[in-house]
Amino acid sequence: MKRIKTAVVGASGYTGMELVRTLLNHPGVELVAATSRQEEGRTLGEVFPRFGGVTGAELRFIGPDPAAVAAAGAEAAFLALPHGVAAEIARALLDHGVRVIDLSADFRLRDAAVYEEFYGHPHPAPDLLAEAVYGLPEARAEAIRQARLVASPGCYPTSILLPLLPLLREGLIDPATIVANSMSGVSGAGRKADASLLFCECNESARAYGVPKHRHLSEIEQELGVAAGVEVTISFIPHLIPVNAGICTTITATLAADAASERVGAALEAAYADKPFVRLRGRGAAADTKHVTGTNFADIGWEYDPRTRRVILMSAEDNLGKGAGGQAVQSFNLMCGLGETDGLQSV
Amino acid sequence: MKRIKTAVVGASGYTGMELVRTLLNHPGVELVAATSRQEEGRTLGEVFPRFGGVTGAELRFIGPDPAAVAAAGAEAAFLALPHGVAAEIARALLDHGVRVIDLSADFRLRDAAVYEEFYGHPHPAPDLLAEAVYGLPEARAEAIRQARLVASPGCYPTSILLPLLPLLREGLIDPATIVANSMSGVSGAGRKADASLLFCECNESARAYGVPKHRHLSEIEQELGVAAGVEVTISFIPHLIPVNAGICTTITATLAADAASERVGAALEAAYADKPFVRLRGRGAAADTKHVTGTNFADIGWEYDPRTRRVILMSAEDNLGKGAGGQAVQSFNLMCGLGETDGLQSV
Amino acid sequence: MKRIKTAVVGASGYTGMELVRTLLNHPGVELVAATSRQEEGRTLGEVFPRFGGVTGAELRFIGPDPAAVAAAGAEAAFLALPHGVAAEIARALLDHGVRVIDLSADFRLRDAAVYEEFYGHPHPAPDLLAEAVYGLPEARAEAIRQARLVASPGCYPTSILLPLLPLLREGLIDPATIVANSMSGVSGAGRKADASLLFCECNESARAYGVPKHRHLSEIEQELGVAAGVEVTISFIPHLIPVNAGICTTITATLAADAASERVGAALEAAYADKPFVRLRGRGAAADTKHVTGTNFADIGWEYDPRTRRVILMSAEDNLGKGAGGQAVQSFNLMCGLGETDGLQSV
Amino acid sequence: MKRIKTAVVGASGYTGMELVRTLLNHPGVELVAATSRQEEGRTLGEVFPRFGGVTGAELRFIGPDPAAVAAAGAEAAFLALPHGVAAEIARALLDHGVRVIDLSADFRLRDAAVYEEFYGHPHPAPDLLAEAVYGLPEARAEAIRQARLVASPGCYPTSILLPLLPLLREGLIDPATIVANSMSGVSGAGRKADASLLFCECNESARAYGVPKHRHLSEIEQELGVAAGVEVTISFIPHLIPVNAGICTTITATLAADAASERVGAALEAAYADKPFVRLRGRGAAADTKHVTGTNFADIGWEYDPRTRRVILMSAEDNLGKGAGGQAVQSFNLMCGLGETDGLQSV
């Protein structure tokens, strides 16, 4: 079997590590480059002892040089870089003919002005926004297949969009009433030596943060708006909880005046029955992060409360899996004509 | 200093353990009885090695017999019993002249029909409902001082009522728009050998449960209604997260049409500036469970999101402390003429 | 590719779950039967939501009937049953021509009298002891290849034997001085509704247990004795720590009077350089459970302390992986002529 | 009641925080100064939200200036500073007439050469070594009472010395055979922004570190040698486990040739029956960190294994409590003529 040559740019953080993990386990992939300024010269196995002894883990980190990535033969590159930095690297890789799956926020927004509003600096490559595809495979498989540049969604957005999109498309809920509360594992905050992320600061702790205007709101509202056909503004409150990985999201929204509650389940079924990575748990069933960590699955349950006329949507995913690395590989599979689930089936 | 003789009925669970802990540390209290059918005859120190060697821990568990509790000299008794069971014990203790702080749900609702709706059986002592005082000291200190029977609020209700009551009293939010999401430590589920509460089922897990009509909704809506002066129906979604103790609650509600957002902070200040156990964190500050575990504090932060016109309220408490045992002792202090903070000041 | 038909008998506990997980991910295996008295009739995906949506997870649990397992076409069966129960099932399966990999203790000891001493009842099938092979693939690959009945080692023994066997074979340490301290994740205690295994009893806790004569000592000392050529008696102190999975073992032993410390590293290298699942971390490097959880790897580091003349051996494995299910599948691979690492390469 | 004026120098780390916590709860103490270069000007309650609202928490941090500490009226000062830094501050405070309880390693060793060997730099104040008292109150209460300068023991040493000292004094074990394995909570590593201490690096992880010659060995062996009357060299292997606080230590040593195993229990009883903070769990009972966290207790259990002739000692303490701040306050109580348990009785 011919294997597709891939690279991970920015491979020393948690998202990069998850990408490397997934690609090392992927039968259709050869990992030919991994970059990290600080780990340059060391092997994957030395930097991540978990990968020691695995075929491919003898690869040595190189610096984040697009030309070197291209020279290594990479046909596709995953970027796990900070926003603002990713765009320039993406452009250079595209210029070298390397297809790009960018996991930063740089190409997720259609509107450079919204980017500047939420990220605090002008967009670094506004000319590329038109061609970038927001890479939620359950919503845009065809566009992803054709894309040269995929903007892979963030972890919170994925957990919020998957349950909501089908309901908004069918007009089943009032978009003005959406409230999303999410709980994230600590790996979502990245692998930086920050005192607030120390074990003793996170363990036995639960806390909201980033209210009222977390950066991910921008892409969430953009995509909800596309589905609803109107502008959507929501409340989103992220929380940090003491687990390594996993996002648990609970969303409430008022059922549309003319909708029957059973249509909620039907809409989810219609949207996801044939989607391999969305598992519908049915009415009355919650979603538990422990069933999805280490996988590319998103689990969704729902309930309807006639007392308040609110729909309750409950989703779970691995913030590093379906919320980052796994989803990016899912898009990569589509882009490269591989099976959508190749390399992503382990549980 | 004369010490008041107290008893804990149902002292072998987590709430009972926290009550015992607090009372052993309380300079104004002598613990004269602790009951548990299964631990009868063993000392507190044997059952709870944490208490070994502490003055008072040589007390032996007795069976849950009200006459024996009264005979031990108890002037006040804390009941940490299942709902349905507590009511009869409470009546018997009251008949023996023992004042009762009940931590079950039996006396929290004013309306026996609502009790039956939420708890699934007829109320076991409807005649006592009229005199029972819902024991939230920040809301009803005077009534508690006079009470013979206090129904100490549940952990979720406390975390939801404290931030909301002042806003509803002043009409600052629209009561029809309240959505409360709570995350609870596992001790809130009790100390029963249930497979779903095993370490490996809860660790690295986050999940909603009890939707859409958790039992605590009944007392929450009752008390919110009292404050609002109208019937209030809310959405409440509890979640289980892998911490031993602590409740982190996030509430959203739409600002009333005629209200300025600054009034939210002012209302909280007015309500709690002189309350020793509510710590206001101010606008933009979240509440973190790690700062309140082991204490009787409830921390409250808030934010306003002009994009959605929603107020965001964030509270944290120890589900066993301010959410159970600590709060019960706070009421006890008031009932007995002790200082409100006596025995509750450790951090 | 022809896939080998396999069964898991006793599939509803943590070890059974890990076996099912590994076999569902194994490209050379078809899982044709999973048994559980209590889950009979439900699918794998219903019992273990993690497996939902995975090919093969629609299999329904059957009762623990060897004839039914054979009738399902199983060529090999894994037994994840309590000791004492496994032996009779094993015999019946063997009689049906099904090869057996038993993960209980029933066939690990050569001597039925030692079994009775440590397990408290007469051996249930002493006639089968002679043919059972102690299934540590790094020590007995050839015998495993030929075996009809493999007794797969326990989690503690694997973490202790792998570092010690090469040193004892070469006479590098004094066998009378071996002290092994192990820390185990809570899944090692099984999936039973036992109050001591509740989240709140294990979280923020560390404790020794099972001293001084844990049952696993019997197989540890048997195998150490084989390697040393003399009877070996050791101290073994297991501890429970708040992680889901993983065993971290630290062993001290006095360097033999005539041995140079460098020979320790050389002996480990010689024994494991070509073994795919043992990763040597080298002198001075510890082994961390977080690098092996979810894998079939055992990591080993070592140090020598000239002050005390003691060798320090540090190993880490997943108690459910290399310590249970993974190791059993590794033996299965050998028995069936598959590649030793087939289905076990994910990290 | 007159309260003694105290200061905490270096109050922004975990040990400093625990000292502040204990002193704020201490009825016989007034905290008059807390120092921290980085937190200068902020209040205790701002830096540690846990302390917000507590009497005394309005105190503002000052810089680490001994003259200012003395000027604040401090009669005694606790130093929670890095080794090497503490000595000079200690000297200056002593010169100002302030008694010092130093929690660093600077005054724990009698021999400046051993200090240099283990800490890698010349001793900063060798002239003070003679008067410093190694502050293990269970061993040296009288000397502590008279001391101007107490060197409060480290967390590992306390957990190892308490079980071993009585046995060595009575010659019950062979000192050449001592092996100590300890598991520590992550707070023991301090509150520094170090990537290896991030939540995701410590959670679901267990690992040895610091072998074979951890710095604490120096004071452990010094004190064991005093008790044994001969030089003692031991093996000590510390491990990091995912709990906030707590040390669990397991020690093995060969019973002396002429000793009966029952004498082990008798020696422990004789040593600790009247000591308020050592709780003997008896033969066959382990010690669990969850029963001692947040307290000043050290729990000790023991067992004897006739198969190996080894005694097994199991201890548990809070590394920040009896292993640091609590113990220091216990010494302070003795120095100041307070009750030994004052301010340390909460459980």
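A, B, C and D label the chains in the order they appear, each numbered from 1.
FYI, a contact is a pair of C-beta atoms (placed from the backbone, for glycine too) under 8 Å apart; a residue touches a chain by one contact, two chains touch by 3 or more.
Note that the coordinates shown come from a computational prediction; the quantities given were computed from them, not determined experimentally.
Student: Report back the single chain whose CA centre is most distant from the CA centre of subunit B.
Tutor: Chain centre farthest from subunit B's centre: C.
Student: When B-D is set beside A-B, which has more C-beta pairs in contact?
Tutor: Of B-D and A-B, more C-beta pairs in contact link A-B.
Student: With chain centres taken as the means of their Cα atoms, state the distance from subunit B to subunit C in Å.
Tutor: Once rounded, the distance between the two centres reads 46 Å.
Student: Using mean CA coordinates as chain centres, what's the subunit B-subunit D distance in Å?
Tutor: Measuring from centre to centre gives 36 Å for this pair.
Student: I'd like to verify one number: the distance from the centre of subunit A to the centre of subunit B, where each centre is the average of its C-alpha atoms, in whole angstrom.
Tutor: 39
Student: Quick check: what residues of subunit C touch more than one other chain, meaning two or more?
Tutor: Residue numbers touching two or more other chains: 201, 203-204, 242-244, 288, 290.
Student: Which bits of subunit B are touching subunit D when the two form their complex?
Tutor: For subunit B paired with subunit D, touching residues are 21, 24-25, 48-55, 204, 276-277, 279, 281, 288, 290-292, 294-295, 297, 299, 345-347.
Student: Can you list the subunit A residues touching subunit B in their complex?
Tutor: Where subunit A meets subunit B, its residues are 177, 179, 181, 183, 201, 203-209, 211-213, 233-235, 237, 239, 241-246, 248, 250, 252, 284, 286-290, 293, 303-305, 307-308, 310, 312, 314, 316.
Student: For subunit B, which residues are in contact with subunit C within the complex?
Tutor: 14, 185-187, 191-195, 197-204, 242-244
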